Amino acid sequence: MATAAIIGTAGYTGQETLDRVLAHPGLELLALGSDTLAGKPAAAMDPRLNGHLPAFVTNAEAAAAGAGVVFLCVGHEAAAAFVPPAGAVVVDLSGAHRLRDAALAERWYGLAPGAWSYGLPEISPPEGRLIANPGCHATAALLALWPLRDAIDGPVVVDSKTGMTGAGRALKESSHAGAVLENLTPYAVTGHRHTPEIEQTLGRRVTFVPHLLPVRRGLLATCYARVDGDARALVETAYAGSEVVRVLPEGVIPELARVQGTDAAEVGVFADENTGTTIVICALDNLGKGAAGQAVQNANIALGFEETAGLRLQGVLV
Amino acid sequence: MATAAIIGTAGYTGQETLDRVLAHPGLELLALGSDTLAGKPAAAMDPRLNGHLPAFVTNAEAAAAGAGVVFLCVGHEAAAAFVPPAGAVVVDLSGAHRLRDAALAERWYGLAPGAWSYGLPEISPPEGRLIANPGCHATAALLALWPLRDAIDGPVVVDSKTGMTGAGRALKESSHAGAVLENLTPYAVTGHRHTPEIEQTLGRRVTFVPHLLPVRRGLLATCYARVDGDARALVETAYAGSEVVRVLPEGVIPELARVQGTDAAEVGVFADENTGTTIVICALDNLGKGAAGQAVQNANIALGFEETAGLRLQGVLV
Amino acid sequence: MATAAIIGTAGYTGQETLDRVLAHPGLELLALGSDTLAGKPAAAMDPRLNGHLPAFVTNAEAAAAGAGVVFLCVGHEAAAAFVPPAGAVVVDLSGAHRLRDAALAERWYGLAPGAWSYGLPEISPPEGRLIANPGCHATAALLALWPLRDAIDGPVVVDSKTGMTGAGRALKESSHAGAVLENLTPYAVTGHRHTPEIEQTLGRRVTFVPHLLPVRRGLLATCYARVDGDARALVETAYAGSEVVRVLPEGVIPELARVQGTDAAEVGVFADENTGTTIVICALDNLGKGAAGQAVQNANIALGFEETAGLRLQGVLV
Amino acid sequence: MATAAIIGTAGYTGQETLDRVLAHPGLELLALGSDTLAGKPAAAMDPRLNGHLPAFVTNAEAAAAGAGVVFLCVGHEAAAAFVPPAGAVVVDLSGAHRLRDAALAERWYGLAPGAWSYGLPEISPPEGRLIANPGCHATAALLALWPLRDAIDGPVVVDSKTGMTGAGRALKESSHAGAVLENLTPYAVTGHRHTPEIEQTLGRRVTFVPHLLPVRRGLLATCYARVDGDARALVETAYAGSEVVRVLPEGVIPELARVQGTDAAEVGVFADENTGTTIVICALDNLGKGAAGQAVQNANIALGFEETAGLRLQGVLV
């Protein structure tokens, strides 16, 4: 058993992390941090949270509570300023510690370069206690393209589509229901922070365009590249033993419905013989494998638990 | 003034064509064809259609009614079998007459090659009386890429997303609300009929993947290519005088909301300096510029009307 | 011809009013007021607004521009403080001037009682220059129940459901897409301002519960009452000559799809023989007949135009 | 431990039942019945279903497999014709066996009256082996109104709204995405089968109007009645010990988001002092407490398991 604290519980990633901690056989919830809810009972956030949970404390109090693992669910500025408690495993769900290149970290986040371990378990399992949890678009793009990295020849395009929870819970015009419902909006067309994150791990340039979907959850990245060799075999081999990444049989196309509410990912591989292009499609839940699920997966590795403890891998059939 | 008949009125494209014919200052509705509704009053289809409209007749009767322009809003098999009435302008909204290459027409439609004029007014204005109306994805891809055709170097990717009316009104599993709501589904990943249609006009191979959105109307194609020269200038020049295609100012991103319910299209041009890729995004309404709006625009040209007569170009602001 | 000014153009009702003014054969747009957009060209609000429109001015400047009709599209506090320009017709789309009872106006709005004419054309056509435009839920409830007012016996229930634009464009938690998508939320269950508004005109108490739908536009009120007499005949007689209110044939059920984007309303009347209850269902667009459409209809009456000038009465068939 | 068979696995209620059987600590899946999928592996229905599951057999084979509990997830005609295997607990999720009055059973289902036990655990726990599982609207209405049954004075209105999975997986016009998205449709306005079902248990007449929402899952019934006495106290007392029905604190309003994907229900009680009407709102998942969750709850009681074994009671926070 280990104890867990959540910093920034009231946001989407904080709530999703709380869900998984409560379902985790090896984690005991020690502290719920939220500067806006401090002093209130857990049920103040949601009437489903019963009296057995600790009341909210400030984020500083939660950090100091002595938990064995701290989930950092705040914005990147606050995450950059966070001082890790001695001895604790800390998983940062923000982008603060992801980019290792000084110029890129400065340009995209206005921060010093990240020194934490970039934990994408299927690709780069976390090492040590301080773990930078990958971004949602980056996770999907990397799960799709990483197995092909040495076989790609030429430009790489990642056309990604995410549900609106990917834009967070803060009130802003682009998250107002009037901007989202019945709409589709590309955003940050040539300037999204996940571009350097994908490139850093993939080792090559990518053209990446994210789009905001009128759905609550789920992210699907359609990736295009020319590949020398058998792309399907490379992808199947990469995830052969994985309980988290499901490579679909030939002809079966990933979609959001099968991954929403889960910490799993689906990958489909397609050969466009007309142009010689390989299309790899990855679907995942932006709050699951794209955030809180992966954070718990990383924590499991760092704490020595079974890698999938507390994760939701199946989802509902309807 | 000219008279108009609609063949296959009860489907989505038939209804949208009817909307435009009713609003058209130069068209008089002569016959409403529908084999399923024949013999019933117009209000049987929709209680908003009042008693001044003709009652439904069979498609054969509508074809024989002597209209000056016939809108063919049926599937490609029925459209291929349709015998154009002598002297009439006929606009076929299906794919039956689009592909001119015998092998491609056979492969994708099981039909003889199309001999009708492919009418995409901004690119290839229709000639003569028999007009093949372009597909919705193809229209968006071509509006985005056509101005760049001589400047493109290397592979072209078209990642397109359409509202569910693009899949038609027939009952099928993929159009059941349970398959569409809160979902995103790529489909026909390496085998969609619009691929050869785009290639035929663009003059080069494209990798094209369509996706089905959980929205009623609207289509957005995100297109990726390397371009020698000033892509924005090429696009702005191509549509400089157009009332239908709106090139957005630098930094403004197309989205569905501004084109839904209209016959206009939006094009945005973006330079990804990181990879040297040009991204051109085109948004339109799959039932407007992607179907019935373009059909009426084509008919206007063939009949000598003002090109935008009866079209909806502005839409609502909210 | 008359000139028009809009105060508070950037909100949903302001934009919808602008749409109708631009389409109106008898209105010339004189001034676009917006305190947040003052000094900017019309295209700053939406790239579709071209250079022929006036640039934004402050709301005070728009009010002083000398327009023949002023559409007041601001919150009720600002509307209450607005000083009507001499001689102008003013239509207030807020609730500031709707309640005539001093105690109710104080309780629900913190304002002095309204002295403006409550303009619901089918029920209480506006008189004079100062017009209080009805609320969206109130309009639907009154269109459903007004014809039955003298025949109702016992309690009246109005269960109303509105699209999210009914909650306005301001950023608030309940309008965040995460609170709206895939959700249904009753709100203000026993305390909505439209209750006294309905009661004031209907002349009897009503139990009214509004619900927020995950759709952009459209409002449907399901109304329940015991009626002595032939409810259908009363309703059909009331709207016999109306171009705006469409009473559906027996067995046809109102729905949002046919009224969205229009200024019309649909009413269906049903007899529940099991309980002796009459069910009257009214559907309209909360931004159309429920706001801007009715505002223009009221202005038409006050200015002596044809009552439906500039209105959208049909909508699209799909 | 007990063994379970599912008849009609491929529909929505079948799939949801399968989900719960797989998660149930005391049930072992013995047979997956589906006449359309017979002979195929479980993964033919969904790629997430792995090789440890039995392959599909015909419904007749599944019925004959000797399972301790049979979940009957087919239409009411097929359910009426089903012969219960000797000794097995059978839970029928259709309406075939719900109505006990001969005239009503004949009128609404064309069947002989139901002799099975109507199992709504909080109100009428199942007795014996043959259990009629309640309808989704009826469950919500009864959970809201049952505690008040002896205190209600006068007419009762149930205005219910359900997600589209409530209409089933069969292909029909009203379930086509084009009829559902961005729409709200009342249906069966004075003739829904759940009316006599509610009345049979409640012991009084109700006016019931169902509406179809553009969401996948979730049902919310807004119920109106005059109540003598303390409605809140009656409701709180009725569900005081329940893990399944959650009575919300004063002022907290039920909504779909907190019950979707769960087998729990939320009830909120509100006093409209203006009219003396009590408003009770119940939210549940039409496929959870409204179908498969309640079926498993009923099976648990019949089999002697803990009542909530295998149920999902919390849901996700986002």
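So that you can tell them apart, the chains are marked A, B, C and D in the order they are listed, and the count of residues begins at 1 in each.
The definition used in the following text is that a residue touches a chain if its C-beta (ideal position, glycine included) is under 8 Å from a C-beta of that chain, and two chains touch if they have at least 3 such contacts.
Please read these numbers as outputs of a predicted model, since none were measured by experiment.
Participant: Among the chains, which is located farthest from subunit D on the basis of C-alpha centroids?
Facilitator: Measuring from the centre of subunit D, the most distant chain centre belongs to B.
Participant: Higher C-beta contact count, A-D or C-D?
Facilitator: C-D
Participant: Give, as an integer number of Å, the spacing between the C-alpha centres of subunit D and subunit C.
Facilitator: The answer is 38 Å.
Participant: Using mean C-alpha positions as chain centres, tell me how far subunit B is from subunit D in Å, no decimals.
Facilitator: 44
Participant: At what distance in angstrom does the C-alpha mean of subunit D lie from that of subunit A?
Facilitator: Going by mean C-alpha positions, subunit A sits 35 Å from subunit D.
Participant: Using the touch rule from the top of the page, what residues of subunit A touch 2 or more other chains?
Facilitator: In subunit A, residues 12, 165, 178-179, 181-182, 214-217, 318 touch at least two other chains, as defined above.
Participant: Touching subunit B in the complex: which residues of subunit C?
Facilitator: Listed in rising order, the residues of subunit C that touch subunit B are 12, 15-16, 18-19, 22, 45-49, 165, 181-182, 216-217, 246, 248-249, 252, 258, 261, 266, 287, 314-318.
Participant: Residue numbers of subunit A touching subunit B in their complex, please.
Facilitator: Of all residues in subunit A, those touching subunit B are 154-155, 157, 159, 161, 178-179, 182-187, 189-190, 195, 205-207, 209, 211, 213-218, 220, 222, 224, 226, 253-257, 260, 268, 270-275, 277, 279, 281, 318.
Participant: What part of subunit C is in contact with subunit A in the complex they form?
Facilitator: The contact residues of subunit C facing subunit A are 12, 164-165, 169, 171-173, 175-182, 214-216.
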